[in-house]
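Across the two complexes that follow, chain A remains constant while its partner is chain B and subsequently chain C.
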Partner chain A sequence: MTSASQTSDNTLLEVQGLKTHFFLDMGIVRAVDGVDFRISRGQTLGIVGESGCGKSVTAQSVMQIVPSPPGRIIDGSIVYFGSNSAVEISRFRANSREMRSIRGKEISYIFQEPMTSLSPVHTIGNQLEEAILLHTPVTRGEARGIAVEALARVRIGEPERIVNEYVHQLSGGMRQRVVIAQALSCNPQLLIADEPTTALDVTMQAQILRTIQDIQQESGMGLILITHDMGVIGQMADEVVVIYRGRVMEHGDVIAVFDEPLHPYTKALFDSIPRLDTDRPLRPISGSVPDPFLETTGCPFRDRCPSRFDACDSDAVPALAEVRPGHSARCYLHSGATEEGTE
Partner chain B sequence: MSDTVLKIDRLCKHFPIRKGFLGRQTGAVKAVDGVDFRVGRGEIFGLVGESGCGKSTIGRAILRAFDITSGRIIYSPQPHVEIELGTMNEAELRPLRRELQMIFQDPYSSLNPRMTVSEIIGEPLRLNRLMDGAQIREEVSRLLRDVGLNPSHMNRYPHAFSGGQRQRIGIARALVMKPRFVVADEAVSALDVSVQAQILELLLKLKAQYSLSYLFISHDLSVIKYLCTRVGVMYVGKLVEVASRDALFRQPLHPYTQALISVVPIPNPRQRTRFRLLEGEVANPAAPPGGCYFHPRCPFAKRICRDTEPALRNVAAEGDAEHMVACHFAGEVGV
Partner chain C sequence: MAMFIVKRVLLFIPTLFVISIVVFILIQAPPGDYLTILITNMRESGQIVDEAVIASLQQRYGLDQPLVTRYFRWIGNIVFRGDFGVSFQWNRPVSELIWERLLWTFVISFSTLIFTWLVAFPIGIFSATHQYSPLDYVATFFGFIGLAIPNFMIALVLMWLGYSWFGFSMGGLFSAEFVRAPWSYAKFVNMLQHIWVPIVVLGTAGTAGLIRTMRANLLDELRKPYVVTARAKGLSESRLIWKYPVRVALNPFVSSVGYVLPQLISGAAIVSVVLSLPTTGPMLLRALLSQDMYLAGGFVLMLSTLTVIGTLISDILLVIIDPRIRYERG
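Let's turn to the complex of A and B:
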């Protein structure tokens, strides 16, 4: 457990040994099963992985919005380093006063599908003002002003008109902008964007990513960007975490990970994406992500791994080991270390 | 390309907008508005564009999922045989339907959850009384092997399969009638990256094995570039550029194509570009702007672009493969 006294440098959020499991009639889904990362102010951390790998549940755990029951954070710590003190979020109950003062104010969340976070029966203005009034001591009139400003910041034309409109009157790209405006309206320290552009066309994606970049530059907020798109990670992230079956498989500086991926899963992901900048043939990863209910031992990727060798037959899960300074991988190719308690 | 399997000629599909109690038509959404292209035998022709540009409507028009507004759809099952699908009625179409098939985007909603895999794939054979039960089972096993699934799983229901496996079932279903032409509409868009590559390889393998031609519809330029031999770029119901894959990606000539390529994020942190922006939103197909539909968003637009609609014309040098562009300044502007 991290002691909250380590308010070293610029750290904004530190997650250690996070485990979030879902207890269902059909069995236990270990959606997040040992995730560690750290993010500094102004930094962009990319979390990449395929569907069902646990990247969204990781982010939901930080926000304490994991549907519960059946989900529960069963282990690990999430420490948020606010403006003057460090708080251990993982100790707060989801609906506690402390958590509500952090959620939406200090840490904001953008969902993939904008309609998840927008109400069809309230005007855009009312929805934005609600969050502003909740977190800042302003009048309704002032809140309206802040809402209009927030819309202008995400480059929505004619924000004074848009505040009086309803969601169905807006296009998909505009809706996602409104969601971002809402998330940014209270000037959060940390923004978690969960596949913010996956449902959008590339042209709209570029506008949204650029808007997020600009705002980050001017406000210095931290950004956790969750995506399956290596292109988006390559353009946006400072650091990358690659997740597979609830565990971090590789973690490092974006240049290091893209130049020299250590884990066979990361390499395989790169080899399986068609891209505009090269003409090499694709090498698909064999098989597919296993059934989440399936209980496995040993390395979670070994059944699909092209580099599997004798050591991988071990029932112990390989540990996430630092292979080079600041660049670690969970793979027996690089380290024989195993994770405690999995033998 | 002398041997053409499908030719689209001035194809239009307008959806009426009706208002009021009497349902009077007050306008039309011009989803597809005068599109021409040809698909060569054995070719994979890609259609790319933003959502709402009309690319799926073209795919569905070819399969005659609805009546077209005007234009011609000429299908050529073998050289020197031409069949006009556009004006046929349902009875005339029925015997041809097996030759033109579709692979859908969503492998979750396109398979009936109450039918086993064997029933789903074998249904067309049964309905057409082409085979008896034992033969159908044999045929289904063969197809499942061809698409990389275990034939012993044929009595399972779709829910027992992953997204990638379901897409393989959808592909087997499209192939059971031995089609010549397959429309794949966003066939890999819903899949995880590791599975997407498997399905792309499978589509290539099956094309050779079954002598297929594809119309591959996608919004993903990287996938289009990987798979297709020729590509058409659509914007608001019209083709703005048609060229071979190599020419289109090496030297895109329409400002819209250039913009579309420039905003694809490159998976290389050493090549970071501030995202070049395409301002504004896609034009409304019910009330498109005058002149070139792209002019309100085009950084190079001049007076003529507002007044005169550019025709799709071939700008390739003599002897080179066709490179069609609908821009007054093709080759003079952009990158």
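Let's turn to the complex of A and C:
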């Protein structure tokens, strides 16, 4: 593999064969059922898919903050290439010291809901300083200084005042900035942003995304951006991973995927974006995400697929095959290869 | 903050005024007046009633006056002289009777409160963080039993067990030989040997209820995104649970502090009767049963005042622990 040398230089995180299942009374939900991706330093990887496709669980698995029980990572490896050496973080127990020293320091997470992801009864400063004091050998006073800087970095005016305020005193956009400041306060190598702008209006969304982009350029951190919004991906990402029912459906360079989406699911996602420049009626993806308790047989998308043909009747899951260099898809239209052990 | 407290204390005065009117109307509600009851009682017991006494009593309570005048006489005596009137049954000033019993009531009730919190908090937190684990089921089981069995029943069972197994009487706060003895180390030890019974008995229902509340509150809070945020920062489980969800789950407790004060006086009446404790509960019960209305009225007025004070305390505490409330109040 040519990527071997690349791996040691640039790769920040490599996820292989990740499976995270939820063991509920009603059955097993295979939220993530074999996901692979890789992200390099300074790169932005977009993860897209419908609600419930496994985007967030994938990201939470990397942090090992999947609600457990019932969730559990049952297979796969997550390797983090830190400043010194590669560590397989999927081997750590969720609450182990090793895992905690990576969380918040090396890898940070921004949550979907800025309204509720901050504590209502602690000051902004208190919450920011907590992570700083935990991960860096500084005094309380120095931590306060770093917290103020972190707020200034995400373009919050009057950060000295804001550190003493409570979350209910801030607007939605400010809250999300605080959440971002908190995630960035320890200068992480990798930032995972899970729908960071979904709860905000369009103007605010653009500002927040620009702020994240600026900081990424300054610091050279890797960014995993999770969204259902193809527009955000087009604006932000270098590479894109399309997930459906816990599996990667298509993976490639963002320009390649946008210019010529290979998988019918990706095409359908593009078609379901409302557009102002044509009179074309909006085409939603027919059907809905199937019952999550059902185990997938065959192609996960075949029941909703407009391009279904004879080969799709196979009960083997199609493999994620490289159709063009650096651009792969899991579809019988492009490759007859099947995943091992699914036939 | 200071403004808020001043405002609340000023609001106190009209509230208590209205309460005192309601209490007085309650005192006056039964037919007949108290003097006739007193005279009847004295005559029944074969005493000769002195006309001069009747006249002085009549004047003291202003029973020949209209209702409004009588109310102001009553409340005026309370406010300016601390005179709550005389208990018919005990033939002693009401205030004396109430204060005498208040000390023990406070000792027992505060010990019970502390016992309850010390036991219920850790168990509630454990139950919530280890939901559906075997120990959670054990705590839930005993929690429901504690809620379901009336306290006086537990008191009776404990007393019976204590007597039949150890031959030791659990009623009261002291063994017979110490009741009238002056304070000494031995008397103190003897008190400790007795006092745990009412504390445990009075504490069970409260503990059980508190465990359930803590568990439910905390389960709600544990699912909030800010808990996951704290986890994503790299905090250890125990630190983040104590700092965030437990802190937020405290609110309902603090707001219930207001009800604790009046319960100190009235809540444990039946258990106190069963365990023959020298607290205010049994006295209030007897005053109500025998229509000793000035005594009962004094108690009710006191309970209402304590409820108002308790509510004020819990409001102030809430403002201190929860910034959202602080700023809404401005």
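Couple of notes before you dig in:
Criterion: the second predicted complex is superposed on the first by the 328 of 343 C-alpha atoms of A that agree within 3 Å, B and C clash if a C-alpha of one lies under 4 Å from a C-alpha of the other, contacts with A are read in each partner's own complex, and residues count from 1 in each chain.
Here is the rule we use: a residue touches a chain if its C-beta (ideal position, glycine included) is under 8 Å from a C-beta of that chain, and two chains touch if they have at least 3 such contacts.
Keep in mind the model is a prediction, meaning the values are calculated, not measured.
Of the two partner chains placed by the overlay, neither chain B nor chain C lies in contact with A:K267. Residue contacts after overlaying the shared chain place A:R144 against neither chain B nor chain C. Of the two partner chains, chain C is the only one touched by A:E130; chain B is not. In the superposition on chain A, contact is made by A:P284 with chain B only, not with chain C.
Of the two partner chains placed around the shared chain by superposition, chain B is the only one that A:S171 touches, whereas chain C remains out of contact.
Touching more residues of chain A than its counterpart among chain B and chain C is B.
Of the two partner chains placed around the shared chain by superposition, chain C is the only one that A:I102 touches, whereas chain B remains out of contact.
Of the two partner chains placed by the overlay, only chain B lies in contact with A:G231; chain C stays clear of it. The touching residues of chain A, counted against chain C in their complex, run 63, 65, 95, 100-105, 108-109, 111-113, 116-123, 130-131, 134-135, 166, 168-169, 179, 182. Listed in rising order, the residues of chain B touching chain A in the complex are 50-51, 162-165, 192-198, 200-201, 219-223, 225-227, 249, 259-261, 263-278, 281. Residue ranges on chain A touching chain B, taken from their complex, read 50-51, 171-174, 201-203, 205-207, 209-210, 213, 228-237, 254-255, 258-259, 268-270, 272-277, 282-286, 288-289.
Contact residues on chain C toward chain A in their complex (touch as defined above): 224-226, 228-237, 243-244, 247-248, 321-324, 327.
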